[in-house]
Amino acid sequence: MTVALNGEETGKKVAEAIPGSVVSGDKNSLIVESKSLLQVAEYLKNTPGMEFDYLTVVTAVDYLDYFEVVYRLVSMKNNQSLMLKTRVFDRVNPTVASVTGLWRAAYYQEREIYDLLGIKFEGHPYLKRLLLWEGFEGYPLRRDYL
Amino acid sequence: MTLLDQFQLILKSQNWPDWAVYLVPALVGIIIIISVVLTVVIVYIWWERRLISRFQIRLGPNRCGPEGIFQPIATAVKILLKEDIVPEKADKLIHFIAPITVFVPILLIFAVVPFGEGAILADLNVGIVYVIAISSISVIGIFMAAWASGNKYSFISGMRSIAQMVSYEIPVVLSIVGIALVVGSFSMLKIVEAQNIPFILLQPLGFLIFFLGSLAEMNRSPFDLLEADSEIVAGYHIEYSGMKFAMFYLGEYGVALAYAGIITTLFLSGWQGPLLPPVIWFLIKVMMVFSVIVWIRSTLPRFRVDQLTAFAWKFMLPLAVINLVLIAIEVLVIPANLQWTMVLINFGFAAVLILLWSKLFTLGGGRVEV
Amino acid sequence: MKFERYGIGIAKGLALTLKHLFRAPITVQYPDEKLNVSRRTRGNELVWFPDKCTGCGTCTKACLQGNIILVTHRGEENKFIVDKFELDSGRCIFCGLCVESCPYNALAMGVDYECAKYRRGDAVLGKEKLSLSEKHKPSAYYRPQFAAELPEQSLLLYNRKEGGQKLSIFPLSKRKRGPHA
Amino acid sequence: MPIKTESFYLNVGPQHPSTHGVFRLRLSLDGEVVTDVEPIVGYLHRGIEKLAETRTYTQIIPLTDRLDYLASMTDNVAYCVAVEKLAGIKVPERAEYIRIIFSELMRISSHMMAVGFYLNDCGAFFTPVLYMWREREKIIDLFDMVCGQRLLYNYMRVGGVSQDLPDEFMPALKKFVDEMPRYIGEYNQLIKQNEIFLARSKGVGILPRETAINIGASGPVLRASGVKWDLRKMDPYSLYDRFDFDICTGEVGDCYDRYWVRMQEMTQSLRIIEQAMKQMPDKGPVCADVPQFFRPPAGEAYGYIEAPKGNLGFYIVSDGSIAPYRLHIFPPTLINITALRDMVIGWKVADLIIIFGSMDVVLGEIDR
């Protein structure tokens, strides 16, 4: 049974290692600052006891006030999972660091998010539209897109 | 004395002028052969579609005429009525000539195929060499078609065709030389007449090599890389439609018929057989060979291009050479009336060689560092 | 590649295809031979029972295509009377959600599957076309009460002998003229 | 004068017999050797995620049918599992068993299509496909019997399944399960030891274990690389912890392993179905009491199952209304083709086709 890690406890550990990175943590998820996302991701991937080597879903939700980017990390070794989230408050030019360097699983999913929600992933090797064509106006999965 | 010679003698005795004595029988023969070949090709197309569908537990075309026998004719009519499309970037002249270059040599092969006792258009004393020479020309046609289409898939197909044909000519020729050694002649009629024991028994290894080689020559599965529809869509004839495509289509089955005829002639004792007339025996044997080809097509996957050439050079060529040497020694040592011992020896050697080579040889290739 | 097994694998495959040569084909020659569809088939053209329909409009809300048009007015005793019940079978995806949602069993899926039309306008079905008729039967999808009237489904699992047409052993020469000829 | 060489660019698709849908690969070739490849997707994009934002939770189920159209049943299950997680709905036991039986039948059917078309890509002229279609037809007949359609089932509901099984279903299923091992044996006889097939697929398109984990591959592609990871065992959803079956893994992660993992999984699925038939309660409700226009509490949930093609997940955000605020579909095959470039570079065009075929890609799921 894959154990879903408690975001609160994991958040404490992460905050110890990387101060000022954790926004909040609850039972299901851990929310981190977008600017320290890459550090946290690296910490989660490489720290013994965590070892999240397997990234499954990467997605983003438009909450109108902010975008929430969601990562679900799985550790195959310890059979545990964690919902990692980060928030972007810029609506015009939202930017998050890309985790493609750590988990290549994010390669297509970040391109898809860029395509459909318009969040830019800094450091992505090939950030181009995935499903829609070049020159498509707007980002369809934003809630204000009609 | 072929039928053609007899016809000429009859005309001569009727005091026809010399040019007519030569021209009229030849023309009659050509017309008969072309019509027979095209009819058999149509039956072939129908037979392949029905047979392969039964291998695949389906029914196959059965709507046009009794048992769907007119389906190839309906297909032909459909193809002929289609618009002839030439791509803008194509080399128009070569694009036009290529189907003819493919189709004509295949018809020319039938000049030396003996359909029955004496039923041969030209009993050349180098008959089998003529076959090899002529059938190589259609490769040029295929390459012309591939190159002139200006399509990238057909370009790949053209490259593959050259590699494949060049590789497989050699073992095929070497296995034929083994027969020529036993018979002492290249003439197709003499080869048939010499087969008291069908050469498939006398030279099993030679038959295997020739059969596989001819599968490659006629682009049939598992060597159908030129047309590999799952890889390069349709290969060299991807940009052809209408009449020109029909030429390729007929050519494809025509060459299958030609090689089935040659296999019958060389290894299955040609028209010889009890009770039935020779022509019927010949056609039955040809149909059997073709059915085996269809059977193989329905079962086997396809080689990759490097495996294909490796198979020719590493497996078939050494075996063909050994087979040739072996036959030569046997022809020297064993007297002609003891051919059955030769059968036994050759079967033993074939088994040993195949087992040995299966252990020894590996198909190379694989990943290339780029 | 090595022929370590001397081509035995190839021979095995050839033996299997040869074995299949003597098996009966499973092809069904469609317009001539017809199999019985499932009793619960979600076929074309809904069946609508006007006497049961109260005009509540649940089906229109359940439809994810917004495809059912229902117009009602108040009649006596404040009951709805259906003026218009219309459905564009060209846009319908036959998901069956409207049938499931109907609280009064007033809708059922049809069993028919040969409903091609020449014009898009013909695909729009009104009250008359949707009503039950001799040719227009309801299927048992979510309506098990209709199951007994329908023929049993012909399954390939039972060689399609039960319910469907029998497969002859040598179907090469089988040519029956169907009703289309 | 030095000979000038340049790469040769080739577009495989969007219309190509072996791209299994509308999919484009931009290749650059050196001779026939692939030096670079870029997959281009999106030709079948229908905006299902956006459409779902204006549909009720029940109305989304027919949309999920259209994702992986060769395994619609498991798509339905994945979506329903996610919604049930979101709303905290308990599914009746009989419904769970029905779901498991149908998921496993779907897995067999999907793997048959995958293997059949993989062999077709290898050049076996439609024979394996047609033999496998014969058995797939039997499975589809069973589906048709229960839910009334052959491809887009729309059978699962939030909280269970839409209807109970008809009486004639169980005998038919029993007969199928009894017969099926013989046919699987026939498929193995047809191709498993075929030397040409081994030459084409052994050692071709190796996906190393580390790469497979790093790209987030799932399903048979991951297991063929030697990773023992099957959500049915590792994170048993539904009632999968009650069954005894093995996780099939490959050794090196080449095309042959992917083929062989699928063939073995078909046998394991039959084992699960046999056990489920024994354990299944004869009577009982098949659907929890869920209103048609139900409103789950505000919140979010990520539900995932082991679909035939891998780990299929649905991320649902609810704002308490009748329609989801955001629905995200996590498609396994899109993630799997991340590794395509690593696998095909240096191989030939013919290998590219079979490597792509061995990934078992369905474009309805990639493009959504």
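Order as written gives the chain letters A, B, C and D; numbering starts at 1 within each chain.
The rule is simple: a contact is a pair of C-beta atoms (placed from the backbone, for glycine too) under 8 Å apart; a residue touches a chain by one contact, two chains touch by 3 or more.
Given the structure is predicted, the values throughout are model-derived calculations rather than measurements.
Applying the stated touch criterion, the connected components after chain B is left out amount to one piece. Compared on C-beta pairs in contact, A-D and C-D come out with C-D as the pair having more. Chain centres were defined as the mean of their Cα atoms; on that basis the chain farthest from chain B turns out to be A. In terms of Cα centroid distance from the overall Cα mean, chain D ranks first. If you average the CA atoms of chain A and of chain C, the two centres end up 45 Å from each other.
The centroid of the Cα atoms in chain C and the matching centroid in chain D are 26 Å apart. The geometric centre of chain A is 63 Å away from that of chain B, both derived from CA atoms. Multi-chain contact residues of chain D, defined as those touching 2 or more other chains: 127, 131, 134, 190-191, 194, 196-197, 199. For chain A, the set of residues touching two or more other chains is empty.
Counting partner chains per residue, chain C shows two or more touched chains at residues 1-3, 5, 7, 10, 13, 16-17, 20, 26. Applying the touch criterion to all chain pairs gives A-D, B-C, B-D, C-D. Chain B makes touch with chain D in their complex at residues 52, 55-58, 152-153, 156, 159-160, 221-222, 224-225, 228-233, 297-307, 363, 366-370.
Residues of chain C that touch chain B in their complex: 1-7, 10, 13-14, 16-18, 20-21, 23-27, 29, 171-173, 175.
Only residues 8-10, 16-18, 30-35, 119-127, 130-131, 134, 190-191, 194, 196-197, 199-200, 203-204, 345-351, 353 of chain D touch chain B when the two sit together in their complex. The touching residues of chain A, counted against chain D in their complex, run 1-2, 28, 53-57, 59, 61-62, 70, 72, 76, 79, 83, 103-109, 112, 116, 129-133, 140-141.
Across the complex, chain A is touched by residues 41-42, 45, 47, 49-50, 211, 213-216, 218, 227, 229, 234-236, 300, 302, 304, 311, 313, 315, 317, 325-326, 328, 330, 334-335, 337-339, 367-368 of chain D.
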